[in-house]
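Look at the two complexes coming up: subunit A is in both, with subunit B in one and subunit C in the other.
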Partner chain A sequence: MKSISARQSGIIVFLTILANKILVLPSAMYEKSKTDSIFALIAIFAFELLVLACFFALKKAYPEQNLKEILSKKMGCVAAKVIIFAFLIFFLFKTMLTYAVLYVYLKDLVYQDEFGFLALVCLFPVVNHAVVCGLRAMGRTFELFYYIVLVGVLFCLCIAFFTNISMPNFFVASPLEIFHSGFRHIFAFGDYLVLFLFIDKIKLKKGEEKKIFLFALVGIILVLAIFIIFYAKYQVTAFMHNNALADLLVFSVQFNAIGRLDIIAMLTIMTLGLFQLEIFQAAFCESFVQIFDKLSVKYGVIVFDILFLVIYLVLIKKYEIMLSFATDYLVYFAILTNIVLPVLIYVLSRRHKKETYDEKND
Partner chain B sequence: MKKMIDAVKKYPFILILVLILVAFTPYSLFSPGQSRKRAVVIAIGLDKIEDEYEISFLTFIPSPNQEFQQANSVVSGKGSSVSEAVLDAQLTLGKDIGLSHAKTTVVNEKMLEEDVSSSLDYLMRVVSLPENTVFVCTNTTAKQLLMATNSLEKNLGIKLDQLVSYNANEVYISDTSLEAFYKGYYSPTKSSLIGYIEHIKDSTQSEQAAPQNQSSSQGSGDSQKSSQTSSSQDGQQGGAGSSEQNSSAGSSGQSENEKQRGSLQGQSQILNKGDAVLLRDGQKVALLDVDNLNSINLLSTKRSLDSITITDVETEDGKNVDMTFLVKNKVVSVKTDFQNNIPLFVANINLGVQLSEIDTKAQKVKQNVQNTQITEEIAQKLEQKIKAEFAKVLQILRENKADVLGVYDHFFAENRKEFLSFLSSLDHPEDFLSHVVFMLNLKVEQDG
Partner chain C sequence: MENNVEKYIENLKSQFHQNSDFASRLFVCQKGKIGFVFLKSMSDPILFSQCIYLPIQSFDGQITKQNLIDKILKNSGVETVQEEKVFAEILDGKVIVFSDFFEGFISVDITKYPTRTPSEPPTSPVIQGPREGFVEDFKTNITLLRRRIHSKDLVFKMMTVGSHTKTKVILSYIDGVADSGVIKELEEKIGKIKINGVVDSYYILSYLEKRPNSLFKQIGNSEKPDVVVSKMLEGKVAIIVDNSPIVLTVPFILMEDMQSSNDYYTNHHYSSVVRFIRMCGLLIAIVAPGFYLALQLFHYNILPLNFLITIADTTQGLPFTPFLEILFIFLLFQILYEVSLRLPSYLGLATSVVGALILGDTGVKAGLISPPGVIITALAKIALYTVPEQQSQITVLQIVFIILGGSLGVLGIVTGFVYVVNYLNTLDDYKTPYLAPYAPRVKEDLKDALLKSSITEKHSLPKSFPTGKRGAK
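Moving on, here comes the complex of A and B:
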């Protein structure tokens, strides 16, 4: 089996942590809980780090098995497939949301007009090809581009310091508003769950968990930095800016004189978006293969493309509908996948540990 | 051939790549250039004339030339709403508009009689007007100002956005972009400052002016431009400069509609005195001059182009002279407090000033006055003058319930609980500035 290293897994976690959080989320959360959205963000990230620890516990308990095999042992094949099906749906809609956010960003800044067909023709063959090539090829590509993406994001953040920024006022929203803000946007989180689906493909030596934690921390710190600097820069008008990372650059009046630096944000966001789409589609295909174990990834890719075209282009159609669908309905589904399933998986790993311990003692 | 088929079988994505090339190559080859479909707008003017909106675009016309000169032209459209006016302008232009490169947004004073943000809404949301455009107001019409600007840029190389950016950095000490306007508009105090550029049209010459000089065709051949020589003059009040120049022609086309709009010709001046418009709720409430702005900037840690003139200072030989000092250094610390439920705004300001000019009033002063040290009398006079100017501007701000001094923010950050309860105790919380006691602790010293 083609496996990926701890470093590559860490980079996947890093890329997924940035997914759907650096463009529209800061302004969407600001609308509900102003700058205190940061607290909702910190709470969710703290929980995500705990879930990451659960993943390592599970990996330690079942070093070679995939998620379906682990779940089948404890819950039976049907229940395992139902859970994996939930992941399949989760990542299908994740891909749609990521695509929608990326599409609107490019439409606003580059194309101005609708270019749906062009975007699909340009993006999906590349994404499909990456998924068919496999996780190892993807991992290596991510490794190659990791520092480029990191420098791109850091550059955008640094430029913002050359403009008028002032410390935003915190503690302006009630705890209920903060909770509501986090709850409504919970679907934008939990992207690192891809690790559970690739659990058997990750080669983890003793002590290498720290590496993955480190990448996760870098991702979390960057997202928090983007939120804080974005709020510090725009303050009361934060709700008007839908492309947070790019807007840190675009509206730097001082830099108009030396040309448009937003090309850097554009390249960074496009690269990130492409990689995130690849990861989510790979997670979909992995779920597909685990449910239909007789079929290969290629079938997964074809099914994904058909479902995407039918659901997104025919039923959802518009970015706004996708966004309201994610905040109104997919929220409840995300509670299941982001909170219930990781907790369930953790319980299973604990039980397994206990059983192993009992067996040893017997 | 078999090898090729095998390669395609092995790597089916080659086929997809070829299909993409086949599908898009003819499309790319036969589609017209972007400049034929989209006009690059570098400045926007928005006017309200009676109940009708008129939008004017200063558009950049890409053309090959060896002079590195940019060919611009002003095109306008009218309508009962901004969106209709934009559509009308697009019809005139025969192109869609692209606002990504717009650096200046001009509105006339009439636009500011009601909430201007509602008029800007369409431009911001639908046609993606960037928020970093410089936002200015003018006394006549935005269209006329853009025309005058076009010529100013052509003849003197001065751009309107640069002019206002200079004001923003040296006079206003704050950003005067559309973004800054919105920041003020959506803040609790709902107050903001925007630049003000006066446009003076010489009626005697403009009435007689005939369509001018050269015309050139660009792209689809519907653009006509004309220009005359320009001159500049100095010596405006408060050290501000002005440029006298000829306005360039507006849009011209073949349609009757276009002819009706006509092209404004004639002498016109752009007068930059460094004034700014004070807005509350998106409406103009006052026009602030440089002295007012300097007083506002007194509380800012940034140094502004500030000069202070005091009169009737007695020299050692008993002569009365006027002295002008330049503020070279400034250290400001602001503290807020509550005493007996009264909000106190305390500003400790250390000013380092330098004597820049002495008006001896045609008297012979027999001493080296350039080395004059700041005496107690001078320091006292300077303090009195600064405080008097500050009191004036504070009165304007209080009358208009507009806080551009950042008083609300200071209290909110430093005494939030007391300040919020103080606001709730007021019948009109928006009038909180009238209840705040200001204490200016000024210390004027010789710089260096």
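Moving on, here comes the complex of A and C:
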């Protein structure tokens, strides 16, 4: 089996933590809980780190099996397939949301006109190709680009930090508003559930969990820094700026010799967006293959493309609607996938541990 | 054979289609007749008369097969051969000696054919370091390697490929350092080659690649013995093909082409800087024209104002769109390049004058092309030669990125670049990741990647590809 290393898994976690959080989310959360959105963010990230710990517990208990095999053992094949189907739906909409966020950014700041078809033409073949190439090739690509992406994000933060900003005021929203803000945008989180789907493809040696945690922490710190600097820069007008990372540079200094530095944000966002799409579509296809075990990834890609085209172009048509769809309806579904399922899986791994312990004692 | 020496010579001659370079001699002694057969074009007639014919003529004792081998024919390459090998020996330039009074055949090596003396290869000149290059003769090439590796573990395994050419293909490696799995795989692949003829090592290369239709090269090559030896010391296998000065090496990683033999003969800090520049050159060569187009067509607001004004001034009134303009300049450069390759060297100066002055300068003055377009394309074309080994691949990628940048903007460049990297990451011939030691990251091998450490810090075999000692663990 073509597996990926702990480092590559960590980079996948890093990339997924940044997914959907560096463009629309800061301004969307600001609408509900102002600068105190940071606290909602911290709370969700803390929970997500626990989910990551659940993943390690599960990996320790079942080092070689895939999610379907683990769930089938404990709950039967049908229940296992239902849970994986939930993941399939989650990642289908997750990919679509990422497409939507990227589309809005490209339309607003890069191409300044209708871009829908061009975006599909550009992104679809590359994402499909990456998914067909497999997780190992993808992992290696992410590994190669990791520092480039990291430097790109840090560059945007530094440029914004050293232009006119003032520390935002915190503790302006009530706890209920903070909770409401976190709740409404929960669909933008839970991204590293992808690890559960690729559990059998991750090669994890003893002690390498720390590596993944480290990458997760780097991602979390970066997201928090983007939020804080974004709020510091735009203050009360933060809700108007829908492309946080890019907007950090929009009103920054123009260097006469090299022109505007937006190009750095542009390249970083495009690369990040592309990688996130690849990860989510790969997760969709992996769920598909685990449900329909006689079909290959290629069928998963075809099914995804058809579903995507039907839902986007026929049912929803406007990309922007996808964003409100995520905050209005997908929230309830995300609670199931982001909270209920990881907890359930953790309980299973604990039970397995207990059974193994009992067997040994017998 | 007995009483049939003339008949056998006639038979051989007819089998060689009465070739004009087929030579035969007959010697009659008391015991009977001795026949000699060889090819004049592959053997030395003077050596034949001095070392074979005259010694037999002047021998006082009884001529027997044993006396011929032990006492009369004193050349180094004297051996008895079976009848089925007679043709191969004659074709190799040896003389076949046979008689009606003894059984079997004697082969005497008097091979002589024109060969080039090792000289500095035009494709890889160096400022410091060895200047020898491989030649077309495989024996000389083997000597060049053997001279550098004084080890009993240096192995040369000969195989023959090509139903007509019967070309010699030699696998060379250091036993215990090269991976046995790679050697076995190569032997199997070469053994299975079914082809009429092998004219150059490139013919073999296509059979060794796992994806022969791929744009990207998957097998390393070099014309320099010192480079091949250093690769063999790292655990790679060299493939020498007779009549080709290019020696192939397996496994191959992209980073090899970023390295130059010069890097190892100069200060390692300087080598690191040069390698970094080479990497930048590679990126500029691939992306620059496409990126310029993307900025000009889609993202002009990012460009510095002065540069934007210059572009606006110079592109005003051009008959071509920016996309067609860049393609046109690119085509012009490519034509000039092809012409300069094929023209005799004394016409090279004329080509430069026509290319640079008449086509370039006059083209700009006539308002057909813009100076920024010429500069960007020229920069990309010059940058291409920082990594000359990847020249053909980069040229194709340049066209692809011009199309992507011109039609889709920066997003096209980014997606195209990620696509190419993703594809390269699927290439793992001979269990070797193409983009190692960066993807996947192999910490130990980073000492000799884009940044080069001192040679004293390099103690172990590389871990990016399978090697013997690691395989033995």
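Rule of thumb we're sticking to: the second predicted complex is superposed on the first by the 356 of 362 C-alpha atoms of A that agree within 3 Å, B and C clash if a C-alpha of one lies under 4 Å from a C-alpha of the other, contacts with A are read in each partner's own complex, and residues count from 1 in each chain.
One rule holds in what follows: a contact is a pair of C-beta atoms (placed from the backbone, for glycine too) under 8 Å apart; a residue touches a chain by one contact, two chains touch by 3 or more.
Treat the numbers as computed from the prediction; the structure is a model and nothing was measured.
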item: Subunit B versus subunit C as contact partner of A:Ala43, first or second or both or neither; value: neither
item: Touching partner for A:Met266 - first (subunit B), second (subunit C), both, neither; value: second
item: Partner chain(s) touched by A:Ala137 [first = subunit B, second = subunit C, both, neither]; value: second
item: Partner contacting more residues of subunit A (subunit B vs subunit C); value: C
item: Which superposed partner A:Leu274 touches (first subunit B, second subunit C, both, neither); value: second
item: Touching partner for A:Asn169 - first (subunit B), second (subunit C), both, neither; value: first
item: Contacts of A:Gln235 with subunit B and subunit C, given as first, second, both or neither; value: first
item: Subunit B versus subunit C as contact partner of A:Val347, first or second or both or neither; value: neither
item: Subunit B versus subunit C as contact partner of A:Leu123, first or second or both or neither; value: second
item: Contacts of A:Ile148 with subunit B and subunit C, given as first, second, both or neither; value: neither
item: Subunit A residues contacted in one complex by subunit B, in the other by subunit C; value: 121-122, 125, 129, 256
item: Complex interface listing, subunit C residues touching subunit A; value: 298-299, 301-307, 408-412, 414-416, 418-419, 421-423, 425-426, 433, 435, 438-441
item: Touching residues (chain side subunit B, partner subunit A) in the complex; value: 13, 16-17, 20, 23-24, 38, 96, 98, 100, 103, 124, 128, 130-132, 165, 175, 177, 179, 182-183, 186-187, 409, 412-413
item: Contact set on subunit A toward subunit B in their complex; value: 108-109, 112, 121-122, 125, 128-129, 132, 164, 169, 234-237, 240, 250-253, 256
item: Footprint of subunit C on subunit A - complex, ascending; value: 5, 7-8, 106, 110-111, 118-119, 121-123, 125-126, 129-130, 133-134, 136-141, 143-145, 255-260, 262-263, 266-267, 270-271, 274-275
